[in-house]
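Following this line, the structures themselves.
In what comes next, chain A is part of two complexes: it sits with chain B in the first one and with chain C in the second one.
Take a look at the complex of A and B:
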């Protein structure tokens, strides 16, 4: 395989990993606090729709981003209310959010824009466009390193850089700040947090809202950066794959990045392999290639990753008990 | 001093005064018009049966619950304690019965949680380390600040809880049933620490249901019964018998009356049993012993030394790695093909250690639980259907015989008290006329009145010629009931002793110190 092809595959790996990474980090905050979130998918979808709609109406990608974060955080608030305040079942709440988001985005899309649930195609000025890093053009012809810098590192949109910057930032927040210490503690033993004089509910609310914010960013990426419009069900299970990556990564930020890159790579390789005929196998069926990330998810989650110990209080609403 | 009263330590001022505290959970009045005065610089015991309202009262004091009515005075000043934060600010620290520690955090992280001193940890953690070291030296309570909690023995975990409270500047320390998880030696060390805290002017409130501890360490004691404080005494002016009577409200027999045992032939024989847990750690290591008809063999030991797994293997719940168990002359496939149902058919009854997780289905009605596991016996069946009438008749008979209260076989099992739940399990397992009876923790979380009854029943079973294997972490109980005592430590039988062996000697075996002077493994002092 040619070097240029490798760079191309890796480049699209990065772009395909970005929404996974944002959603998985979102899930990390929520689940570390003890609130399981199966609704990453729905929040991302709502964010994508809100971004597509707002960006096309106001013609600004930033309006889209704000709308996406707002929509996703609103759903996060619903999840927080259901699972923290009224102590409902977190899985049921998450599933409900996924359904609501899938239905509502299609319905509103059709009634507002009349394009079969899509939002209008965005002009360039209403999108987040690639950023040329300084010196990219100059080093382009330097052997080996040139193409890596120009083709792989430079030329992504803002979200990609933001997502990867969130990895060390999340690590620092979770493991080096007071908020992180309390976040980890409340996901392990909320009673210990409560008896230490810290409010369990407000801590979990904050975690779930951060989750909502990052899901919104992931959604905005899909409709205003990666694509140029919202299409029905455009998340296509990315929220669930992000959840799988989070579990695969055992709720650790750096591992989350690698897991998301792996899923992104499979996706990128899959696209590349379409129609290619391999020795001894022949033409690779498109469907098989497209199914690869999902097959890997099943295999990984079926226990090939060793025991993933979730936060001990995860999924359990906190009640004061004797 | 008149009335035999002695001088109490401290300046006589009140650290805590509760006036008319009441608290109800639905129809249950957990605390009723509580009046309590705790003098500064003393150790004040609060004793009462399970469910007497001790923990509720302390939870109110620590801001975990809100009282329905009544006032709290701290150091003479009326204080409203809305949450734990307010309690901490008022100088109250609490060591809970179930430790409030984050298991996968380090000691230091646990200590600073909630008292971090700044949003970024790095700067705060250095200061915390110094302060923790100072506290450790001041109270002779050493523990590695970087150790992970779940890797520490429970005795040290408890020490972390105390350090946590002191780190927050607690002047009043509440300990809820602190010795339940400790060896006698660890308990003694805890008492020395409490004594030292008292000498430094701190006030200690000790909640327990163990009379001996009250006598050993407290200056004053308040007795709770059914949500009320029925008496407060100076410890020096009271005795165990009086306190027991105050707790239960009637005269109780603290000693178990039992005659000589008449052991017959071997009914249960355990040979070289080795068990590994799911992580591959050997938890029971080459254990052998016999239990004869008409005798009680007691297994003593600190919780977590393999007793639970041993019981589970013999009862067919857990697969053993190697070894043999012979029940009534025939081996059971303890390494493979036996299951609890099959063993039950062959005359093995089992009262599991944890009645909530193994012994009962709490949302079920009492009568359903009273036949659980025996529900496929023909007398409870009507073709393929359950014979509800027969089941309820049977349940009613057991309720009468075992004095289960309230006597209502349709009541949800969760609504019975701990002692009555335990009686439901005991009635079920004892009334099938077993050959061998395995009993784990017969009186854990059971009140004094019920303990007396349960102990009597166990002795009766022995005198009927049953072979009984008794596992309990309460050393007193093992010594009172058993005819022979095996002490388990780190998965092995550390020794066999007679039940009248002095407690100190058994305590040494429980800590893994055998005659040849081999010390205890692990980090406990």
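Take a look at the complex of A and C:
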């Protein structure tokens, strides 16, 4: 395979991993605090729609981003209310949010814009466009490192850099700050946190809202950066792949990045592999490549590649006193 | 804080309040879209029950939802949340198609039917087996594995439809059309009895299979030893183990039954309507099963009622989309989500207030009784 092709595949790997990474990090905050979230998909979708709609109405990508974060956080608030305040079933709440988001985005899209559930196609000034890093054009011809810098590292939009910057930041927040310590504690043993005089409910609310914010950013990436409009059901299971990545990464930020890159790579390679015959294996069915993230996650969950142990208090609503 | 509520409040009033809230919020969404919710509701109900064909479609959809609702309910009784009914139903289609493709040219439909039922149940159960075993043996969370298996199912089915089932020379990813031996007759005669007509709606014998399954599930859960073991494991797995109930076996069997019920849903659309195996034929019915089971309080009678309600939404919603183009069929998905939210996740929202109200009433009536005594 040619070097340029490798760079191309890795480049699209980065682009395809970005929404996964944002959503998986979002899930990390929520699940570390003990609130399971299978509604990443729905929040991302709501964010994508809000961004696509707002950016096209106001002509500014930033308006889109704000709207996306708002919409996604509103859903996160519903999830928080259901699973923290009312102590409902977190899985059921996540399922509900996915449906409400899938239905509402399509319904409102159709009734507001009348284009079969799409939002109008965005002009360049209403989108987040690639950023050329300094010196990219200058080093382009340097062998090996030049193409890597110019083709792989430079030339992405803001979201991509933000997503990858969020990895060390999340690590620092979760493992090096007081908030992070409490966040992890409340996911493992909320009673101990409560005994220490720290509010379990407010901590979890904050974690779930951070999750909502990041999902909104992931959604905005899809409709105003990666694509130039919202299309019905455009997340297409990315929220669940992100969830798979989060489990695959055992709820650790750095691992999350590698898992998302792996799943993004599978996606990028899957597109390339269509109809290609590999030596010794023959033609790989596209469907197998598409299903690989899910299969890998199941194998991991089965405990054949290490063991994925979720936060101990995950999924259990906290009752202060009986 | 926790007061005992009368049974009718627990099983009647609270679900009703939850449902009303869900529909009120749905009404707000209709307002947001700029239509009249009352008129929309009228059109929806008329579309679902106003004429023979509408009723036929409503019951046809309800048949699907009874199967998937039962599937979710059996798992819930064992403390398992099976989100995989969609995938299990999809894979169940293989069993139906295999029976129909093998037999349709040689025997009448009622000979094919039992094989199709068995095939569907076996394939659905098989698809539930791995998540079940992983949950029971390795503690992998069944919610996550069944979600993953939904995606794997859809990849697998597209592969099979394109590479295996598709007849040579055809472009569409589907099997050939089954002959008469692979088609369940419609129930026209039943509607004619009431002086109505089915008008082409695919309402068929599978409905009675669904009702039979309801009875069998009731029998299983509340009248057999296995059902007792399933419920005990669901309520308190530790106590179940202590009582000598084998946890692995119970969990796996409950999931197999759940998967089999989901798989049988495939009979209705594949053999009862389209007469061929098509791409993504369950069309979300597996997920509706979650809403149906939650609303029906995991009881077969409740599930039948909830399934008919959702059948009404699907059929009436289609007609509504026709009459009010601003309200597309996606409205049904919204309502579905709201029902799951209010009847499921926010199920206890009204409980504290109601408990307080009833406690106060009890105190008051006790006071009154005391005063009258003097």
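The rule is short, and it goes like this: the second predicted complex is superposed on the first by the 294 of 322 C-alpha atoms of A that agree within 3 Å, B and C clash if a C-alpha of one lies under 4 Å from a C-alpha of the other, contacts with A are read in each partner's own complex, and residues count from 1 in each chain.
Here is the rule we go by: a residue touches a chain if its C-beta (ideal position, glycine included) is under 8 Å from a C-beta of that chain, and two chains touch if they have at least 3 such contacts.
Everything quoted here is computed from the prediction, not taken from an experiment.
Visitor: Check whether A:191 is in contact with chain B, with chain C, with both or with neither, and answer first, second, both or neither.
Guide: Only chain B is touched by A:191; chain C is not.
Visitor: Touching A:110 in the superposition: chain B (first), chain C (second), both, neither?
Guide: In the superposition, A:110 touches chain C alone.
Visitor: Let me test your reading of the model: by the given contact rule, A:12 touches which partner, first (chain B), second (chain C), both or neither?
Guide: After superposition on chain A, A:12 lies in contact with neither partner.
Visitor: May I ask you to decide whether A:201 touches chain B, chain C, both, or neither, giving the answer as first, second, both or neither?
Guide: In the superposition, A:201 contacts neither chain B nor chain C.
Visitor: After superposition on the shared chain, which partner residues are touched by A:294: those of chain B (first), chain C (second), both, or neither?
Guide: second
Visitor: Touch check for A:182: first (chain B), second (chain C), both, or neither?
Guide: First partner only.
Visitor: In the superposed arrangement, does A:243 touch chain B (first), chain C (second), both or neither?
Guide: second
Visitor: One more residue to check, A:320. First (chain B), second (chain C), both or neither?
Guide: In the superposition, A:320 touches chain B alone.
Visitor: Between chain B (first) and chain C (second), which, if any, makes contact with A:312: first, second, both or neither?
Guide: So A:312 only meets chain B here.
Visitor: More residues of chain A in touch with chain C or with chain B?
Guide: Partner touching more chain A residues in the overlay: C.
Visitor: Identify the overlap between the chain B-contacting and the chain C-contacting residues of chain A.
Guide: On chain A, no residue contacts both chain B in one structure and chain C in the other.
Visitor: Show me the residue ranges of chain C that touch chain A in the complex, using the header's touch definition.
Guide: Against chain A, chain C makes touches at 29, 32-34, 81, 83, 130, 134, 138-141, 143-145, 147-149, 151-152, 155-156, 158-159, 163, 287, 290, 294, 326-328, 330-338, 340-341, 344-349.
Visitor: Spell out the residues on chain B that touch chain A in their complex, using ranges where they run on.
Guide: Its residues touching chain A are 55-56, 59, 62, 64-65, 83-88, 94, 96, 98, 100-105, 109-110, 112-116, 118-122, 124, 164.
Visitor: Under the definition above, what is the set of chain A residues touching chain C in their complex?
Guide: Within the complex, chain A touches chain C at residues 38, 78, 81-83, 86-93, 95-104, 106-108, 110-111, 117, 237, 240, 243-244, 247, 285, 287-288, 290-291, 294-295, 297-298, 301-303, 310.
Visitor: Touching chain B in the complex: which residues of chain A?
Guide: Residues of chain A touching chain B: 176-182, 184-185, 188-189, 191-199, 312, 320, 322.
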